[in-house]
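Working notes, beginning with the structure itself.
Letters A, B, C and D mark the chains in the order given here, with residues in each chain numbered from 1 onward.
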């Protein structure tokens, strides 16, 4: 039996806690190459998400994740709002009427979510955005699953790959988002969004297994 | 952090209460959605103009709501684009049957949130929405593969000019085309003497030594393109104006609106010193200044510094500039 | 010292060039005497209104020259009263045969220099001169044996209101009496979050720790009456308003013009936060706000902080307030 | 034979030099209890005075001193402009058609100048102004002269008394000028104007003897 609505709920709630703990760090990173609000934005959004998840009762995974997405869209603003919001909305849609959320189904949902994010922001690999954490994470996840790994093992592989992708943003010269305004000066700094994305995948690895 | 505020989390809420109290004759405020409406919105048959963006740029945008300018402005958190719900609500609230123009500054967040709002508004209320995205900041290299240039000073001039055109009863497509033309005719560049502090962050976004300045900054306390030794006003004027002049380009015989803008912490006496330097460079370049604007109009909290914007104008634009405007931040002829 | 200037010695000269270039449609500048004239001065049969003072308070006074306000303003060095020669020249320059009113802020230097100018002008050209001295700052204990209270925020409101009266063609004594009445009906109090730097001095006039504020400051970067721990906007509003309300006093049923002024380095978003707090205190006190003004109008270079001014008004003063004014710093109805 | 036009000229020029050397100190003092410009104001004025004295040629002492006064009135502004300006104007007037400027005549001129200053600014003893240096200086001067001292001795006594008067302003709570706005906080600071006045009397003692 695959992931339950509660499993996904605890994933999202853990992410809310982790964002809260790391908000200052995320804002610091954004101060260096952006406008010093990524942690503030994500914290505002995930606080609202945690409240919505705690209050509402959700029959299905897609209802839960769509609620998460809508809440982020409605509370975050900035670049991360539509991006994280779209990610969860599409994740949810992909799980509509999937009753057994196994490793394959969850992987497909993650990929659908990231495709939504890419459709919104048009990031490409190497642009120094959250996508540079997502892309390797998805690939590692799929490779693990097709290699016969469990959901837990696949998520662990994804989290490690996300972290590598995050670190790889450091030398990059940004081509998307605010950091792109800095040109060469954006090199040498870790991308805030790739950092929060890594926290999200980490949270999945430690709750969904 | 030294600011005249209460809880940093309440800055936007408190400021909206203040704007409402100070300007109840011209605007009303939807505090739930953080929207500043022109008091008599929606105006039947008039194209509705809305803008919005992060707070911290006052008087832009809320201070530009009123006769001859915006019908509504959405206030986001400090330096953070508003959310689609706000923009959708504002779009419906100003729709007088002639459609609505979204005036969007080119930042990834603003663009994506306005896009989502337009999709929602069209699906939801069937309101016809067009958008203009301003991207006049020459400090940023433009390219197909990047986020492109930032929308800065031209946004203020555009809101005034397009506002006058909408007031004349022009159609949505006419107004949108004019907005596009204005954006294409304007260029800006800014610099900072100090950083600024996002209230919720509590400390300056960047540090500058007493003998340094940031050149090529935006309006969100972002560091600029380059850090240079502090220079006299005369040299700073050239540093800002040269890339503007060569970019469009502007030259001999062109007529412009010249706009020297303060970033929030620089006093007016210094802006006039800068205007004098900029103006002398115009004369040198054979550019005629048809109209001028000097003051704090698009700011970055308490940042000290300034930006220069040049907008190439023809007689029609000058006429629209002179048309009556009555907003908290810009007012004449009414 | 980080400022957008050239040689510190040239700040006033350069700023006057900038004002002239930016506002040539409304003002002309006598650079030798550092006088900003209304373009069409002298107006035959109209009482001439002149003011002046140290520079560094922009837009006051030069920014208030124009229709419905001042006929001329004399610019002194930064924070230093102009000299009698300037005031005498300006007095002659605006004399349209109906006499001239000197609007003087109560500082020893300003008062003595304007006195000498009046003596000279009367001796020299036989121009009839009256003076009003503003002294609205409740931070200063008033007494026969001291220099008395400082002239601050009320000066701005007075220049607007008296300007409208002069525009109506009232006589010199009527205009002077009105000016006196206005000064007697207004009170102000200010505070600072930071000091400011006189360009020629090169360093801040005083030092404030990150957790301190100065309360009871004037407009020359002088230290205030007391240094207090930094407080929320709500408490600062009470700190400024309470001594004002109890001084005149103002109370239940009074109608006022409420003016929240920025000292130069404080962004508009914070002034709106302050206005909201001040406005709530008015409601509590049962005071009706007939009109409001929020922004940087009488500044102290780049000092961060604000001042609050209340002016008790009757229907006549409200009518004069609403009358057209067209100056670089204050404009409506024209 | 008493003081010549050249003697008075060198007094004024020395004061200009001394003000230039002490401008920063005078501005410092004004920063503490005023608006940080006394040194700047006096330097601007005395620079103009020195130029005027060097350019013009003056037949009589009163012509010279009136020129000094007019120049100060026209270039200084602030409180010190009218006060120092009036002082020199009245000094000059008092010397009109005095052909032998002996100790008595010069003392009378100084007193006339200070009376003019007092008429303008209405300072009283203890108000913490330049008058607190002038008053004891004049008294010491007159006492010395009536005691039979020479001009040089009288000026020396005046300079010492001015310095004492200047020091005496430190504990005073200002009642006139900008410092009065500080109320009690003005105590503990030396008055800038009393300090520049002491420099003026000192300059007289070291040139007119």
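What we mean here is this: a residue touches a chain if its C-beta (ideal position, glycine included) is under 8 Å from a C-beta of that chain, and two chains touch if they have at least 3 such contacts.
As the structure is a prediction and not an experimental result, all values here were calculated from the model.
Colleague: Which contact partners do subunit B and subunit D have in common?
Modeller: C
Colleague: If every step must land on a chain the current one touches, say how few steps get you from subunit A to subunit D.
Modeller: So the least number of steps between the two chains is 3.
Colleague: State, to the nearest whole Å, the distance from the C-alpha centre of subunit A to the C-alpha centre of subunit C.
Modeller: 55
Colleague: Cα centroid separation between subunit A and subunit B, in whole Å?
Modeller: Going by mean C-alpha positions, subunit A sits 32 Å from subunit B.
Colleague: In whole angstrom, how far does the Cα centroid of subunit B sit from the Cα centroid of subunit C?
Modeller: Each chain reduced to its C-alpha mean, subunit B and subunit C end up 29 Å apart.
Colleague: Which positions in subunit B are in touch with at least two other chains?
Modeller: none
Colleague: Please name which positions on subunit B make contact with subunit A in the complex.
Modeller: My answer: residues 54, 76-85, 107-109, 112-113, 115-116, 139-141, 143, 145-147, 150, 198, 200-201, 205-206, 218, 220-223, 225.
Colleague: Give the list of subunit C residues in touch with subunit B in this complex.
Modeller: 1-7, 11, 14-19, 21-23, 55-56, 58-59, 63, 193-194, 210, 213, 230, 232-234, 236, 260, 264-277, 279, 289, 292, 294, 296, 299, 301-302, 304-306, 326, 331-334
Colleague: So in the complex, the part of subunit A that touches subunit B is made up of which residues?
Modeller: So the residues of subunit A in touch with subunit B come to 27, 31, 33-37, 40-41, 44, 73-83, 120-121, 124, 175-178, 180-183, 185.
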